[in-house]
């Protein structure tokens, strides 16, 4: 019996512009990242705004388990099946964290003959979106400590800083740290935390945003701490949101890959279902709905958590943004 | 008078495959990253191994200053001038760290009418190479603490761990930290450091390597600590080098951009001249030497440091690898 | 109306040898500490072993409050009243921590015309017993980290070290600390705690011991950590108990002071009622029972906690040791 | 051959009041601490102010060594010899730290037949002076962090806090610590140090003071930190000096012990010669000069450091205070 890896590596991939063409997208609509991956320009949404909307299929599961339940495999398989039936279908799934990639759970690209390919970039850097999220997240973190260091004009209470730093590796030693040691130049000394990048609020925001302007607004409203008087301190107060948006300019664009059978697969964002809404991005779903007859997506974790958040956060935005 | 940014944004860029064609490279030799950036496949080196070698021009400067001395601007201008004279020329320069991008020194793409474009991706993520270096570096760091945590089979003396973590942001609070707090699950508790990613030894290795196999060997020989008996502990001892190499599979390929006048510019690696050799990569130079009549490159920092290291480390590898 | 301090300072104190004489103790039985304080030699117990035993009166209270309930004042007043009635009476109370002395609760010497004097030494160093407890406690703590530093022959799991350090000042900054920083010579780095000295297990042991030999045994059995295999590590395993006993050689002897009306008051130990049994020492009570007709003592905190522990820990020892 | 300990334990000690009588001191002039130790009341100085002054003999040595050079042994022997010659002599020496007591150097009570006795209390708590110095020192330290915690009214720059904490044990793990962890209630988080108690500036001050009022003034002038504007912050600014003085009320009085031949020995203070002036106290010397024909003292470390500081700091105060 062949392993997932064997099957994925044996796959003969279609050129990505051909996959894009299945969705009615031209070379001007995509930016290639190598031969089999492309980012989709958001301008597509304006161009297709009057296009009829496809149908929306959500795969969920009742009980989450440490080893997963097969939601992604089912989602991809369903997309492939619809395509084989001659329907214009697209699957929208999340990009996995590199952390678990080196752990037990394995890749998040599906399994067996129901996978998204190419497998290796999918499981590693892909087009760098997670790195960009990490850079934006950590820029804000650095600006907080920098603000404390330079006189703390906003009168931030250092003990209320809830904005962590992130790293895209499972690194237990960074979970709880003390930062700012080594003297006045590096201070203030603080207890601090690192999370895994996909758990960042920036990742959740990226998944829920409907465009660059909306992203800029949402980032600016992030609350990172409170003043000694109890007032919230936001990324806008620290003048961080503009630079964060610049860092996310490419990451906001969904990535186009393909299933093992060559039908389109949109891969975008990776919000942790246990703390965020746990579905792929609103933008990926919107593009799918405008370009295909069927969009098959999944909502993370068990139905009790993931599907509820999906209905509350993901669904409304699809309507308003379309 | 127009600013560097005005000039760069007003530039009309040639499609990257046309720029590649000037170097005798076909669509099969490159992997596009968007419209104006491509990675060059290392297989090119095998194909062109018998190709006559171009000439090699090194720009250096006597005295380093905090604001730079114009080495990159001169390098790019020289490349443009040679191209205008009808010569097949290519410039090879380093990718800047994002950290200083938000600081005083500004971009590292040259200046005035002597710039590499597109400017924005050049100064930000580009094709994700620095992120990949950071991921490989931090994976090794996590594996060290993980090894200490799981019984320390190699008998590493924790006080000898010289391998830091890295972040691609100027973050003073991370310069000196304590990691491993929060109880046994996160331990051991250690004093540790963060460097900026471009200062990573992985970056220096990537710039000096002559191929994927050589990279794997060099990564494996990195010394990260010593045992209590004083024996060196390497990345190979920790079985980290294989995964690190996988993470660097794309980053090893030089990036093709263009000058403001449309001539080819290879952008690769960003080793810190004050601690490493401070020049673009051996692989970028090799590709340039096989594909062009003139390769204009620069050696970082002052001639007393940068040029000396250039002659000692960069030059010999060009010969042996060609 | 006069304050407690006014009343205490206006008191005319009897020479301490005269107070001792009331208890049938000669100059050979006591060691003077200044004019109005003496330590009682434990040899007294052997000499008086066949002496008839006095009666034992315990003062307790139902509900503890942050400001106290007046147990000590009642205890002292009762001792004074019995003496005025012509009975040979002695009160046994605890020595207060210096920490709260500088806080709101004020002294622990009683109040009004029901106080133990001299007030100032009572509330400060007295005869140095608390300092000795602190020195013994911290010696053991230093020997633990020293053991970890020098190869950890006992294979102590550093995360199981439950032995804190102590300080006799309310010092919030020391509650949670990281020790062992500054390099290998000072290591290992560990999260650690400081308690207030009177909360030390050494203080509880000193209050419950029946003699120097018993003290040595009890100190040796203190569990300070566990091995990686889960076996308990004791002060004897670290060879600390002998030196600790030497440091407590004087502290084991009860201190003789007087009430405002000149009747004898034994002041000894200061175990925290909320974590220990919260009564003065077994040795002070035993001496009192052999030398007086009535011993009035108190059990700390509310009756539900303090009196229960008193009956369980203090009472049995009085019988067996007598 | 008998050890120092054998000799010291075999000694038959004179009652301390008899030793005091040799110096012309009555029972009213001393406060006994057990049978063989007494503190001398400072009122003695007023009473004897017109008394003729004795001669002052300083023992020093050229080169300090890790094992000592025998200065104390010579000092004590000289005092004994003068007494045997029928002269009224007294030796003044320092009290040793308990830290080194458990180390290699052994006691500091002299050696052979030239010792100060009783040996054990001399080497341990004696009359609690070092504990009192530690308590005063640590009270000031706690008040600094408490001040930072409660709004920092004085605008102290936390990085300028030069006042350490102290412990009277050789405890390597405390040399460099981080304090203030565990949340806002315990903060601020700071890098801090512990010294050994005898290295405290409070100890140096106690050795140089000429009386309680002078002590209060000197303690108040201790500089513990600087404001953000660079102004010094003193113990008086923190209102700590009063409480510190109270804690030192007994420690300011010199301790009277005896040599093996029964002649008087004043033991007081223990300033570290390598950082302070390294001689016994001005007050002990002054009392000696008023009560005896010959005062034999020593200046710590080598003559190049200790004797020079002795002449500069100790000598002038003897004149002015007499």
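First chain written, first letter: the chains are A, B, C and D, and each begins at residue 1.
Here is the rule we use: contacts are C-beta pairs under 8 Å (C-beta built on N, C-alpha and C of every residue); 3 or more make two chains touch, one makes a residue touch a chain.
Owing to the predicted nature of the structure, the values given are computational and were not obtained by experimental measurement.
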{"item": "Shared chain contacts [chain A and chain B, defined touch]", "value": "none"}
{"item": "Groups of chains joined by contact, in the absence of chain C", "value": "one piece"}
{"item": "Copies chain B and chain C touch via same or different residues, half shared test", "value": "same"}
{"item": "Farthest chain relative to chain B (centres taken as mean CA coordinates)", "value": "C"}
{"item": "Chain centre separation (chain B, chain C; CA means) in Å", "value": "67"}
{"item": "Rounded Å distance between chain B and chain D, as computed from the means of their C-alpha atoms", "value": "62"}
{"item": "Two or more partner chains touched - positions in chain D", "value": "178, 181, 187, 190-191"}
{"item": "Overall pattern in which the protein chains touch one another (line/ring/star/complete/other)", "value": "ring"}
{"item": "Contact pairs between chains, per stated definition", "value": "A-B, A-D, B-C, C-D"}
{"item": "Residues of chain D defined as touching chain C within the complex", "value": "31-35, 39, 98, 102, 120-121, 124-125, 127-128, 131-132, 134-135, 138-139, 141-142, 145-146, 149, 165, 167-182, 185-187, 190-192, 243, 246-247, 249-250"}
{"item": "Residue ranges of chain A touching chain D (in the complex, touch as defined)", "value": "157-159, 178, 181, 183-184, 187-191"}
